[in-house]
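When the chains are written out, they are named A, B, C, D and E in that same order, and each has its own residue count from 1.
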Amino acid sequence: MALTDRVQQILSWYSSENPGTQTNLVRLLNHGKLAGTGKLVILPVDQGFEHGPVRSFAPNPDAYDPDYHFQLALDAGCNAYAAPLGSIEAGASKFAGQVPLILKVNNSDTLAKIDQPCSALTASVEDALRLGCVAIGYTIYPGSGQRNQMYQDLRDLTIEAKRKGLVVVVWSYPRGAGLSKQGETAVDVCTYAATIAAQLGAHIIKVKPPTAHVEQPEHQKVFEKHGLKIESLADRTRLVVQSCFGGKRVLIFSGGEAKGETDVLKEVQELATGGSFGSIMGRNAFQRKRGDAVKLLTDVMDIYKKVS
Amino acid sequence: MALTDRVQQILSWYSSENPGTQTNLVRLLNHGKLAGTGKLVILPVDQGFEHGPVRSFAPNPDAYDPDYHFQLALDAGCNAYAAPLGSIEAGASKFAGQVPLILKVNNSDTLAKIDQPCSALTASVEDALRLGCVAIGYTIYPGSGQRNQMYQDLRDLTIEAKRKGLVVVVWSYPRGAGLSKQGETAVDVCTYAATIAAQLGAHIIKVKPPTAHVEQPEHQKVFEKHGLKIESLADRTRLVVQSCFGGKRVLIFSGGEAKGETDVLKEVQELATGGSFGSIMGRNAFQRKRGDAVKLLTDVMDIYKKVS
Amino acid sequence: MALTDRVQQILSWYSSENPGTQTNLVRLLNHGKLAGTGKLVILPVDQGFEHGPVRSFAPNPDAYDPDYHFQLALDAGCNAYAAPLGSIEAGASKFAGQVPLILKVNNSDTLAKIDQPCSALTASVEDALRLGCVAIGYTIYPGSGQRNQMYQDLRDLTIEAKRKGLVVVVWSYPRGAGLSKQGETAVDVCTYAATIAAQLGAHIIKVKPPTAHVEQPEHQKVFEKHGLKIESLADRTRLVVQSCFGGKRVLIFSGGEAKGETDVLKEVQELATGGSFGSIMGRNAFQRKRGDAVKLLTDVMDIYKKVS
Amino acid sequence: MALTDRVQQILSWYSSENPGTQTNLVRLLNHGKLAGTGKLVILPVDQGFEHGPVRSFAPNPDAYDPDYHFQLALDAGCNAYAAPLGSIEAGASKFAGQVPLILKVNNSDTLAKIDQPCSALTASVEDALRLGCVAIGYTIYPGSGQRNQMYQDLRDLTIEAKRKGLVVVVWSYPRGAGLSKQGETAVDVCTYAATIAAQLGAHIIKVKPPTAHVEQPEHQKVFEKHGLKIESLADRTRLVVQSCFGGKRVLIFSGGEAKGETDVLKEVQELATGGSFGSIMGRNAFQRKRGDAVKLLTDVMDIYKKVS
Amino acid sequence: MALTDRVQQILSWYSSENPGTQTNLVRLLNHGKLAGTGKLVILPVDQGFEHGPVRSFAPNPDAYDPDYHFQLALDAGCNAYAAPLGSIEAGASKFAGQVPLILKVNNSDTLAKIDQPCSALTASVEDALRLGCVAIGYTIYPGSGQRNQMYQDLRDLTIEAKRKGLVVVVWSYPRGAGLSKQGETAVDVCTYAATIAAQLGAHIIKVKPPTAHVEQPEHQKVFEKHGLKIESLADRTRLVVQSCFGGKRVLIFSGGEAKGETDVLKEVQELATGGSFGSIMGRNAFQRKRGDAVKLLTDVMDIYKKVS
């Protein structure tokens, strides 16, 4: 399909990238029900790895089968489906060319006790290419003592991905000895997490919805001095979007824990109002029965469509 | 031999792999007495390295000679023989082309005290290729603080193995500071271990038979909420098979410590009933006299043949 | 433009470098209002990464947008604009060829608690080349227990940069367990920091303005024995310039925290009198409104022009 | 010379190796007074590095000169001379083609206090090739917490050595936090050490003569249960030979500390009776005057000749 | 110039090296006032890096300029000039081909507190080649817990340097947790340090003048048993020379701290009498005024000339 003005505008922010990467960015933006709007809803399924299979899929046992998620992303009209290596391998050939794929190239589990959080590298750019993916996904934990390792691994992946025409999606989840538990979703920390990912060269950045907590004293002073509004989630979203290159990077928000449909939609409405480019919604999708999941994802997309 | 429907079905789950890897997967599935059934019985002999030679072979001194195990796997009609580098090198030329070989590429010993369990890399994909193997085997210890090192080493081996048409077999044995001793074979941990191996790109996954213990409180809640059945070994096996991509990955179980024939067969019967794709049986095979070992392996295969 | 005598003299100190590197050095020295004088004023913007976006840009929200800084450097007639990967990527195509770019290839943030200071590698020489930069920038923390890692990473970057015709700019900021807080800007430590960067092969070296504190007892003795003058900032600047290969390396000073215009200009005057080759001025530029910033940068350049 | 039946038999155990490696194995087996017998006596001189030059050579100062050892190995008719990089470099050209050389590629010294024993890598396969060596030699310390590092370094060396037609000799010396001092030469530990080296792909394995001590409780039980004979050194040697792939790997024993001629010969007689493939004898050779050393080495060879 | 008998004899000890390396060794031995004698006096200037610029150059401020040292080495007729990367880069083109250069490829500073001493890698073999050097120089600290890292880095540098025809000069300075302060220059430790460097493949070895202290009890026994003479510096030098492959490696001694002319010459006389191949003299040269430095270096060379 031809590019809409909005997609062309977004592309203009990535004018330093190869046509290969620009092409894959267009594939993401021009797929599914939100095609051409500049908004994205992505289905991510890495919970089998991150939390364990039974915790993730017992509520909806059909979801043990990797094919289920490809089909769900297709049926719901998501822009893309994101998952770890094994899941993508399981369906990449069967669903070849039907839905844009994001290969998650690092992952963690809950079995090991690791002092300073750091996910393991579990796939490579070569894997993404051989499996027909449009993007790699990588999680950083700003705040961790293993920060340098993670940023440097990402650096290596990013340069290779860009050289080979892939898009880079970064999950930026602050965590570690440098932060309080509450601080992990503090509004100042979220703005910082978005900036770090952008500076590391990410094309699409995923953060958690920010709370009204402010973690760093230096930031508290600045918030007060400049009277920054952070009361509503929409306000805070606006600040995080602005912090992400003045709005010139695609920034999306995670859906978080499974919850009621009303809560999900209310949160999405605030994010949309605040300027979010979209949502990435896992447990709230695949832990519902297929029909309910498709309906919820459709409602979410409708909200984003309205603000686009 | 032509592919049976079952083998074709199994192959369909690996449709994203190169024909080279698919070919070697067929070689494993179409060899020995279980050829074509989609079930596997594999003879693994790494105990000389893992426990020491005298502990392993004094009960049956013929087994000191590496040739013995090639011949035993052949005589018993196993699908494959798996061993560390030295053992494979000792007989690879003499037995060339007679039995599918799995080169174990990492190993541990009991001489060193290592805080966070992690096997040493002891062979490479290049070794597997020069020795005519169909697969590499790698052990991960989910739960260890060295998790990232292991997963990343496996990532490097896996991408190379797949590029070069080999099959990847992963021994997934939870262990380390993140787990209690009992938790190493807990049913929730076993399901998790199977998923992790699958997500890391393994084609064939080996876990220990799960006990009825549940290790993680978050899992305990889920087991209760959804009334998951874990009383019998067959029940638990069913859950582990399901956790392994809804049954779409070849999952086999280890035989564990040497024990009486009746106990071995009873356990195998439960595993088979629960949907296991087969067994990997070391000490219970090579620590018996050759005749007894062949008979026991034959009985095990018969059980799997019946459920296939 | 033709080379002035001064630029030719400076180039003669870099006669061992490839013509490619010499060419990029000329591009830096012959751009902007100070072109041909042998003096440099550089606009560096890495505070979004190093301190957080809100702390950095709330005083002047236009500065959230990476394009803003390219334009500011252009408007003010700076010799170059220096920034991390993401910022450079954001504008490199739009502003291609309009202002010399320095890609900052390592960065730190304030979220993580790291015992021994060490920035993360966040970009590469290949990035600098694909983005049309004339130089890479790298920060070392002499005094840190991670010294060897940093020097060795810089060694690898430097050899590659020189092979490919780039200029190497080193931020030499003493810090770590080997130094007191006060010692980080002590005059003896500053002279040492400048020398270390020069010995590591840097073409342009950036240090902080030295205070009159002397950190190391061995140095205190030498200062006394030889009656070295360190009372005024100009005196101390002179000593640092001399320590930097007897003045045969381009040495510039950072502007430090945001402060009043008078203070900025007074400090620059002292540095210029002491023989500084220029200044690198971030927060004092982009945290002012555009007009004020252009004016201040112009005043700074005028001071350097007078002493050239 | 044509291959004897015994050498052909030994070669048959290495049938998976390249002709290049087989050729160099023949060069070792067919050189010197024991040529064709399948037995080996090797002169190793790494004590200058491992213990210091004065401790090693003051008893016989001629031995400071590296040429001395090449000549001694030649005069005594040893199968090979083994030494670190510098020693081999010193004489490799002068004695080119006169005696098979084994390049020791890792070494330790007594100056550093290292918690977990691990030798430093000091030479490479490329060095062995450029210096005309037939083999590389590498020391592992099973029982050390640095086990993984050592096994993995050996893995890398071994695959390269085999690719390029060299023989791999492994010194397997248990040591480290996992073992008591007495346990380092315990008979169970020696059998284990021999197996580990064999499994790591070594062609020739060197261990210390085993004592009657049993280190691991699990082994003690097995020794008792199966009534294994370990009273005489010959008995224990037999067990170690058997543990080394049922006798299908060339296994030789070190001579240990300097001692009287009678003691040396008595020990060698026991080793020979127990099936040892030979001895590697350093201090007992080069710390004697040349004539005495040649006589002792000749007597040792005569013992092995008698049992061959 | 044609080779003298002595130079030919020295070359014969390096007969295993490539003609490229032999050529550069000749360039060192055939340059300056000692050309052809087989003796060497080298000017090393790494004190700016190792001790700080002001401590090093305030006594003679002309020495801040890197060109100064090239000219001093030329004027005094030294065999070579050795310095870190930046210093060599500063003058390599201007003085191209006028004096043999040794690029020091690792360095330390006094700003960082590092538990186990280990210099940082600061230059590469490629740097030495592009700058026209005849040799690389590398410092090891035997006795440090980082021994393995250093020996292995040196191994990598050495194999590359030899492949590309460079000479390898090793500064062997015992230091670290394995040694007392006094032990760093103990005579037994010096002999050991010289041997280690030789075994690591060094062509030219630099140690400190040994004191009469004996550090290791095992060595004390050997010194007593064999009645080794270590009273005079000449005696001790003789022992160190002998320990260095029986005198078949070029071994030179450092000049140490700045001191009076008489002391310098007296020490050199003892070293020369004991068989030293020469001296490497930094602070005693460049901290004197140029005229005095040239005179002192000339006197030192005269002493070596007399014993050649």
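Criterion: a contact is a pair of C-beta atoms (placed from the backbone, for glycine too) under 8 Å apart; a residue touches a chain by one contact, two chains touch by 3 or more.
On a predicted model such as this, the values are computed, not experimentally measured, just so you know.
When the CA atoms of chain C are superposed on chain D, the rotation angle comes to 145 degrees, reported as a multiple of 5. Of all residue numbers that take part in the contact between chain A and chain B, under half occur on both sides, making this a different-residue interface. The distance from the centre of chain D to the centre of chain E, each centre being the mean of the chain's C-alpha atoms, comes to 36 Å. A straight line joining the Cα centres of chain A and chain E is 58 Å long. Counting partner chains per residue, chain B shows two or more touched chains at no residue at all.
The chains touch one another in a closed ring; read from chain A in the direction of chain B, their sequence is A, B, D, E, C. Here chain D touches chain E in the complex through residues 48-49, 51-55, 57-59, 61, 64-68, 84-94, 107, 109-115, 118-124, 126-127, 131, going by the rule given at the top. If you check the complex, the residues on chain D that touch chain B are 13, 15-17, 142-145, 147-148, 150-152, 155, 159, 163, 174, 176-179, 188-189, 191-196, 198-202, 216, 218-219, 222-223, 225-226, 228, 239, 242-243, 245-249.
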